[in-house]
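Two complexes come next, and they have one chain in common, chain A, joined by chain B in the first and chain C in the second.
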Partner chain A sequence: MPPLLLFPSLLLLCLRLLRAEPLAYPAVISPQDPTLLIGSSLVATCTVSPDFHLKAEDLYWTLNGRRLPAASYAALSPTTLSVALARLNGSKQQSGDNLVCHSRDGGILAGSCLYVGLPPEKPVNITCWSKNMKDLTCKWAPGTEGETFLHTNYTLKYKLRWYGRDNTCQEYHTAGPYSCHIPKDLALFTPYEIWVEASNRLGVAVSDVVMLDILDVVTTDPPSDVHVSRVGDLEDQLSVRWSSPPALKDFLFQAKYQIQYRVEDSSEWKVVDDVGNQTSCRLAGLRPGTVYFVQVRCNPFGIYGSKKAGIWSDWSNPTAASTPRSERAAGSCDPKGGEQNTTLRRELKQFFGWVKKHAYGCSNLGIKLYDQWRVWLQKSHKTRNQVGSSR
Partner chain B sequence: MELRAGDSWGIFTFLCAALCNLPALPALNCTEELGAGQSIQKTYDLTRYLEHQLRTLAGTYLNYLGPPFNEPDFNPPRLARAERVPSATVDLDLWRGLTDNARLAANYRAYSRLLCYLRALDGQAGTAELRHRLGHFCSSLQGLVLSIAGVMSSLGYPLPTGPAGPPAPPGTPVAPNDFLKKMDDFWLLKELQTWLWRSAKDFNRLKKKVPPAVVTLRLEARGF
Partner chain C sequence: MAAADSPSAALRRRDLCSRGIRLAGKMRSDVVDLLDTYVEWQGLDASASVAAVEGVPAAAAERWDEQTGTQRLLENLAAYRAFRALLAQMLEEQREQLGEADTVLGRALAAVLLQVSAFAYHLEELLRLESRGPPSEEGAGPPPLPHLSLFERKLRGLGVLRELAQWAVRSARDLRQLAKPSPGSSSAPSPAESP
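Showing the complex of A and B:
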């Protein structure tokens, strides 16, 4: 009988020895790795394993490498020392504050990571854009407080309005730390509901739901094949031509374009806003003999019947061109007629130049129009004389 | 031929003459074996590069763990947990007496294991910057493992098979709490550092031991 009784207890003993790990640790701290709100207090205890023959008075505590005052200690038993921490500040690092129980010679007996912080704030300012209606990238900002001292996980979720399950975005940090990219399987013509969930050890916060239609937030590549060239010998004009962005070329009948240009040695850009949906424009009122840099961008306004403006693309790479140098000689390059050098003509030219400069228009008002008018005037004058003479 | 001191044409001619008297060099493709000597040099260079990278990575990671882990004199106990990380520390005579095969095999096994553990670290490391650095370092470390494998095969040694080192005994938790996990991470980085120091010496030793004859023999075997 006795051997039979002995066997289970021997087995139990063996099992306890096999689970030898706890005995390998000199001490145990409680609580182990707690999560706490900023400002809360904590009493932690360090209990030394009996195998190590240490007493409570041989121990001391440090927090993030700094020794804690002995006044906050209390010996709860011969092998247990406690420490009282009051009004805790937010964790010094997101991996947790290091609360460590030491033996007198400084050796580490045990440690506990304190996670002290705040629950997350609602993420705000969700903005999204779709490149060529193929994907959706959204970014957001953490709540107003920002720093919660705890690692916060953000999850962007979306679903089709009126039906569909919740989907979770997978590709994060594509456009900054608070961003996510949905690469495919997006539907048009039905709005999406989009929101961001922020979670950390102390809780969860959900942003407001943003509703958007993919077609209202489309952006494209910049216009391609931007060419800037002189307009004959005109010294104050340049002609800009471009193609609509290739990806949406067949859909951009209502697109808007914008041009900006600057002189080579200036950083001030002039913007031409009323380009409409043409793919060419003439810049006027420029300085002769100067190098200009020109950029164009596109807004897929009204794509597929969307009533809203889309999102402006990036500017195209700058293209450079120079206006012809002004002629010093009295004769200008325009060979028509013999009254080229009258004061009137010069003044008119200046006037038209001023009009173009200050109206930022792409209109064809200019000295050429005046010349055409003069030609017409001469013709009609001759006709009238003829008519008159025939009377 | 008259070689005047400082005459660049003279020097050029001398170099040509010297080169012509060497065994004819085959037109080596880059894809051909570099020869054990050059492989060893490459591996040595890689360990020095990794050592340099590790300094920055360890600094950043230890700052993430927070004090006291990032203090210069931090010296925690190595608790009697299952030895997951292979130790580079070795008796001097034992180290000297290692055969080339054993020396290379020890390096190969150690870095394969270390790579595994580092990759696991990548999973939950806090900041995006840290994860990025870790990812980059893991790629470089992978390169080192492959480089060592290359040296071993060019010297005709078989690669160590099976799991690198003894498997973790069943029932050993990864780390029972967050603080112990931080200690594991600290020791992982320390061991990595020690291994890179040791490997530089290992490969230096191998460089001297691999005779140039090995390179020449290979050329003759190719009929040049």
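Showing the complex of A and C:
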């Protein structure tokens, strides 16, 4: 370039930098976007281009928007200012801490992102399940520090034991944040080796290898067509019927089922655990005239001779039914209290009749004596209550 | 504006403008929310001064009231096509950095990108009505961006979203101008719309 043209070119460059392309920064920070361990120290420098006529003493630093104390600065040259950062904490945001060099008026001259954290920890607790033997989903837990400071990538890998080649799972977050779904091309009757690799800017950690046969981790859809109905006029019973999950109909040689039920106004479920392989069951000992919610689930264990315990399906959607009302209770204002008293009194009368007939030595024992005792009991309750309330 | 002569075309244009004004209003509100999320996620100061960014169309217009309808539409379309490319790149960078993680920022960026694409399509429809048709996109895309450091990308993203928020305001006003009946047109004035 002829020397005469140099000055206008530089002038043009400066104008471009100042107006149209302010992102071509007038300064450079070194190091750019470093990754550091928690607790480490860093000396960064900001060097301004001589074209901008800025001096090192006119500059200052901020970290995540907070001005760093001038005591940590050193002017290394007329155009270079350094800052010393000691015992760094983990990054405030996963996109990196912003270390910025400013001119005196606050303008941004250059920036660098600091990634401060820890290497990943070994993922743990890998659990997998196969829905209807067609796919495989695995979940795991990150190490204890998780992803507190640095974004961590997780890769689930699997291979057929003995002769397989490594495959990488592609569909992540399908069953929560640390999960992956393998939708097809899974082999039966040969165990898989499965493991998870965690990697971030500071390193890689590999989980222990889990070995499993798809047949040992089969789960299925909840039982379909759950029907709940009354058992004639029996006021304390309901009958539950369902169909086995259609997807596994041909394989369910040893499926077992569980039922849970609860009354409408309670959140507490009662579980019936001994349903076995049947597809119907009668619930007994229920409250008369009460609405019950019922759910059923299936455990397809023992498929093709698997010896493992099997994995329970989700519960079916709740099905509701009510028990018949008790006829004796109908029309009574206080069905429970009144009914109980009458029954007790009747039984006592029978008892004393029996005593009179059979216990010759206690002839003055009788229902009158019982009534006198009740009067005494009421009086003693009343007295106790008065004493209690006067305290 | 040849097509503006026909009353049905005028009605259609007014209808498209009204819908465009509503779209711009919604876009503006979503971009403002996205800016909040972006600033928090990147740890930036919301008031950080980021001047014009290369490749980002500036919303500031001189002699705005002297522009013709077609001119307005063409400038808007060029701007939103550029924003579409810029937002797609921001989303790509976000994925590069965080993998496929389903983040609040990623979701919000994707939603605004969709709105920008829809708005660009809306502008193309309006241009077709002007018997002009939208210009071809071949070679009209923004030049490939220079390699930027991570901090520079953060600032560029802030500049893109700020400018897009301004453009949403300008577009609503452009469309309101466009919806006004042209002199000599017999159609009734459109009801006032606000973004």
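Operating definition for what follows: the second predicted complex is superposed on the first by the 302 of 391 C-alpha atoms of A that agree within 3 Å, B and C clash if a C-alpha of one lies under 4 Å from a C-alpha of the other, contacts with A are read in each partner's own complex, and residues count from 1 in each chain.
The working rule: a contact is a pair of C-beta atoms (placed from the backbone, for glycine too) under 8 Å apart; a residue touches a chain by one contact, two chains touch by 3 or more.
Keep in mind it's a predicted model, so treat the numbers as computed, not measured.
Undergrad: Here chain A is shared; do chain B and chain C fit on it together or clash?
TA: clash
Undergrad: Is A:153 contacted by the first partner chain B, the second partner chain C, both or neither?
TA: It touches chain C, and chain B stays clear.
Undergrad: After lining up the shared chain so the two structures overlap, which partner does A:117 touch, if you call chain B first and chain C second: first, second, both or neither?
TA: neither
Undergrad: Examine A:143 and indicate which partner it touches, taking first as chain B and second as chain C; both and neither are also allowed.
TA: neither
Undergrad: Once chain A of both complexes is superposed, is A:93 in touch with chain B (first), chain C (second), both, or neither?
TA: both
Undergrad: Could you tell me which of 7-15, 25-33 or 115-123 in chain B overlaps chain C after superposing the two complexes on chain A?
TA: That would be 115-123, the one stretch with clashes.
Undergrad: Where on chain A do chain B and chain C both make contact?
TA: 19, 21, 25, 32-33, 64-65, 92-98, 100, 107-108, 110-113, 151, 173
Undergrad: Of all residues in chain C, which touch chain A in the complex?
TA: Chain C residues touching chain A: 40-45, 48-54, 97-102, 148-152, 154-156, 159.
Undergrad: Can you list the chain A residues touching chain B in their complex?
TA: 19, 21, 24-26, 29, 32-33, 62, 64-66, 92-98, 100, 107-108, 110-113, 151, 173, 177
Undergrad: Touching residues of chain B toward chain A in the complex: what are they?
TA: Touch residues, chain B against chain A: 63-69, 71, 76-77, 79-81, 126-128, 171-172, 176-180, 182-183.
Undergrad: Going by the contact rule set out above, which residues of chain A touch chain C in the complex?
TA: Per the stated touch rule, the residues are 19-23, 25, 32-33, 64-65, 92-98, 100, 106-108, 110-113, 151, 153, 172-173.
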